[in-house]
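The following blocks contain the structures, represented as structure tokens.
Across the two complexes that follow, subunit A remains constant while its partner is subunit B and subsequently subunit C.
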Partner chain A sequence: MSDVNSVILLVVILLNFFTLGSARLVACIRAAALQGALLALLPVTVHGLSGHSLMLATGAFTLKGLFIPWLLLRAIREVRIRREMEPLIGLVPTLFLGVLATVAAFLFADRLPLLLEHQDGLLVPASLATMLTGFLLLMTRRKAITQVVGYLILENGIFIFGVLLSTAMPLVVEAGVLLDLLVAVFVMGIVLNQINREFSTINTERLSALKE
Partner chain B sequence: MLVALILLPLLPAALSLVLPWYQLRSWLLSATGAAHLGLALLLVSEAPPLTNPWIGLDALSCLVLLVTSLLYLGCAFYAVDYLAMRRDRGNRVMVPCLLVFLSAMTLAISARHLGLLWVAVETTTLVSAPLIYYNRNRLSIEATWKYLLLCSVGIALAMLGMMFVGYAALGGGEPPSLHFDWLLEHAPSLSRPWLHAGFVFLLVGFGTKMGLAPLHSWKPDAYGEAPALVGALLSGGLTSVSFLAILRAVQLMAAAGDQLMARQALVGLGLLSLLLAAVFMVRQPDIKRMLAYSSVEHMGILALGVGIGGLATFGALLHLINNALTKGCLFLTAGNIQRAFASKHLSEVRGALSVLPLSGGLFLAGFLAITGAPPFGPFLSEFTILRGLFAAERPLIAGAFLLLLAVIFIGMGATVLGATQGAATEPPGRFKDRLLLVAPPLVMLLLVLSLGLYLPEPLHRLLEAGAHLLEVRS
Partner chain C sequence: MTAHLLVHLLVLLLFAPLLPGVITRTKARFAGRRGAPLLQPYYDLLRLWRKGFVLSRTTTWVFSAGPVVALVVPILAALLLPFGALPAPLSFEGDLILFVYLFALARFFTVAAALDTGSSFEGMGAAREVTFACLAEPTLMFALLVLAKLSGGLSLGTLFGTHLPASWGGAAGPALGLILVCLFVVLLVENSRIPFDDPNTHLELTMIHEVMVLDHSGPAFGMILYGAALKLMVLGSMLVRLALPWNSGVWFLDLLIYLGGLLLLAVLIGVVESIMARLRLVRVPQVLIGTSLVSVFALVLVLR
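This part shows the complex of A and B:
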């Protein structure tokens, strides 16, 4: 089973790089969707088949892999934006930062006081790398929608870490967390639409009237 | 019973979605608020033991529950006349969101499972976003976007912190669990590095929500652009709830016998919040943004008090009540002033006292209360924290505390006096002080005043029990 895990996590890391290097919003959203769908399999591949892990996997797959991306794709269709034009930092430098962050994540995970059974797997480094990718997207992009994708990827990273202790997380709480994520993206989608209507753009740099 | 209290606001929320009568929908808020407070008082006086592993009330949650419920009731009555003035904007979104907000806050207050706490706090973010966007203009959407994104990311970090705490339990050779009481009991066997990391992330995550500097950057925007009653609920209620979440992390560290680090972090963030608030409060021309920075300041005072420990913890818990009620009074009256002058900027707001004698007077009195002038409640609580600082032999911090409070007093005073004194800049508009727009802040101020003069015995016991929960148990 650990081979399957490693393959999934490697693809997840590659998808991180893809989102950092791509200017096309649709491609970014699809990559985040694929990442979410792959991650949803982890509870089953790590903890084996059980009612809990199956429910969790199904819930996460439906929301992270299908429903939330659908919401986002619909949102960009409505605001008719396709590309991330000029990120605050160019795409290539961001990609480079992403590589650095991933290397740092691997080095850091090696020094963490992990339990013996978690020391070899890719779970912890992949989780850290994915969280850092989410942060990079949040900080370096101007389009509100890419920031939402960054938030999703950050959540994905936390989800990977959560797999380590998914037995401690009761299903009710997991469901609540996923539901909150869904509502968050939904509310962000509405706000996005309003931003577009008010400013005729979803560049967040226009959102700068409020400051000291 | 507690379940009933949490679910209580949801029925009227559903009702308000289908009811076609505007005014009745507004009154649903007050009716629910009154029922909530009544039930909360009953529950607190009963003090049922913590048997349910998911929800329960200890001394700390009783305190926050009473404060939040009281503040909510005041804001709910205010909302009736406020929404009546704003029929053009409607209340079809506002009323259900406010009701669900109350339910989510109650759930967060009573949660005994870290995951449940997280879900409840994130829900408060999501339902308050439409409230901040009530005015539907460019500025309010900018504020909403910042609030939504910053608080969601912040709370995501709190989730990571929660998982680190779970991993600390795993590292201690225990089957991992996030039930708070279980964690408290097994705290000494938790793996230290993971517990520390967990504390830091919980502090950063819930600290963002609470608005501790330097994580406060959404606060002036959100409080500045949201309607007054939403600002009051956020700055008095939601911040108290987030503070309670941080107190849970402190409790955990204390139970693990590891509270030095937690306390130092709180003292550091507290002082930084006071400092940044002082810097931005001087020459602040916008009265609502000024109140937001005042909120940052008081969150700093709360963190500082708990960080010092001992008597100062008692002072901080007392200050939580005083801050919530005084902020309620200030925000609601500032809302009235903003309505009357159609502005919240000092360049256009002058002589509020002569235009709106009641609201202006209450705003002025609220300013005196919040800056710690005797005989109001905040004076007593800030003085208690100061005594705690000296008792803990931290004279340098005490000096800095006093200095920053003085700077804030002067900075805030310049803005408030400018807005209330002098001749009115503008001929008064249609707006007049109405009963429900003035009575709630008046009652809040009277409560704050009476707290400054006399601390009832049951409240004293509750505060002591709360402070006791935050000390080392050994």
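This part shows the complex of A and C:
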């Protein structure tokens, strides 16, 4: 194993595949939480121990690893669903698309004009792959809650990219992004409850049907 | 050369039946029982060898060819594969293709023998076996391709050669870790182990491999059991070499590392079988497609 970073990022990519291939919501949320918790280690492993990176790590860990997953698990319990019954595209095709997206991310990252020290690492391709996975989840799933998980994974991808810039980026920006995410999940939670109350299901397809 | 060949074959033929014994023992220990003696598979083979053949009148020579091929093929495949740090007796460029398709040949004959009995029940098992084998093959191929890219050669001797410790330490370490896991899954599928198939149950709806060999008896069944043990050892050798890639230089020490690794692998299989439930049949293809995709991803990691 070359170093801790690439192992973490590799596990992150494998978790991407897992969320794409799994129909069980609880497992998906757990995977996203684990991914968030692992990513929270990145600022420390990339930039070393400092007040800035420690703050970033603890903030990301509590929000992505603990609080948001807890909210999502609670939401699942409220609306009583366990699994994504029928995704728009089947699970195996989504998995294929996910691998294609990952490969594309790797090819694309090699073309990017990066700094020499980022050229060979996994950081950039892993971030692109994670973002694309988040997009795929957002697009291909019907249940609002899996879409929230997709949003979470999308944000994880952005976070990996942010780690590259974190020495140049003030803490306020990071905090802002994390807060954004939290608010988005809150809003989604409220919307979820509303959809559930109106239609007694949380299938977002119903939203596109007109009601008089 | 001849001495080397003899040692290779003796290690294979004498050691292989111990592995199922270790697996059974581990499972028994996990369940809180004392378990059968470690040498039980040897006793079973002896007992089966002393029995007579019982052949159905509807069967032809294909039925008896199945077990023979199932026994001979792993021996042939073992000649191509280095055992730990000990080099393979037979090696040429591109022998990895032969290695993979030798097992396909064995499967073809097992399936043909099962179909030859004319029982619809065995046909069902044959269909399942072939389906899962099709899906396991890409994983194996991609894993070997990763190794071929890393070593720059196309024979199994080079693939599992002395470059492995350096590769583990270098940038290819994560890719090697991925294919190690993928190969473990392939090992479980090919040897009909628990998350995919249970060699001990005789429940019609869930049997895969076991259903195809139900009609074999006596020495034929012994050949099948022996062949299965050899196959486990041959496929396990790849995993052991990947996980414990050290060369000590002394052949006896190398052999000990290799055999110890195999025993560890058997214990690991026993643990997996004890803590996992069987997958539903529809989930098995999904898992296999997943491992194929992961090994493709490992290839991408190596190629970039």
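Assume the second predicted complex is superposed on the first by the 207 of 212 C-alpha atoms of A that agree within 3 Å, B and C clash if a C-alpha of one lies under 4 Å from a C-alpha of the other, contacts with A are read in each partner's own complex, and residues count from 1 in each chain.
Simple rule for what comes next: a contact is a pair of C-beta atoms (placed from the backbone, for glycine too) under 8 Å apart; a residue touches a chain by one contact, two chains touch by 3 or more.
Just so you know, these numbers come straight off a predicted model, no measurement behind them.
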Joint occupancy of subunit A by subunit B and subunit C, clash or fit: fit
Touched partner set for A:Thr19, first subunit B, second subunit C, both or neither: neither
Which of subunit B and subunit C A:Asp180 touches, first, second, both or neither: first
Touching partner for A:Thr146 - first (subunit B), second (subunit C), both, neither: neither
Touched partner set for A:Met131, first subunit B, second subunit C, both or neither: first
Touched partner set for A:Val99, first subunit B, second subunit C, both or neither: second
Partner chain in contact with A:Asp110 - subunit B first, subunit C second, else both or neither: second
Touched partner set for A:Leu10, first subunit B, second subunit C, both or neither: second
More subunit A residues in contact - subunit B or subunit C: B
Smallest distance from any CA atom of subunit C to any CA atom of subunit B, in Å, after fitting: 22
Footprint of subunit A on subunit C - complex, ascending: 168-171, 173-174, 177-178, 285-286, 289-290, 293-294, 296-297, 300-301, 304
Subunit B residues within the subunit A interface of the complex: 113, 115-116, 118-119, 122-123, 125-126, 129-130, 133, 136-139, 141-146, 148-149, 152-153, 156, 159-160, 163, 166-167, 169-171, 175-178, 191, 193-194, 220-221, 224-225, 280
Subunit A to subunit C touching residues, read off their complex: 1-2, 6-7, 10, 13-14, 17, 21, 91-92, 95-96, 99, 102-103, 106, 110, 120, 125
Subunit B partner contacts - residues on subunit A that touch it in the complex: 112-113, 115, 131, 138, 144, 147, 151, 154-155, 158, 161-162, 164-165, 167-170, 172-174, 176-177, 179-180, 183-184, 187-188, 191, 194-195, 198-199, 204, 207-210, 212
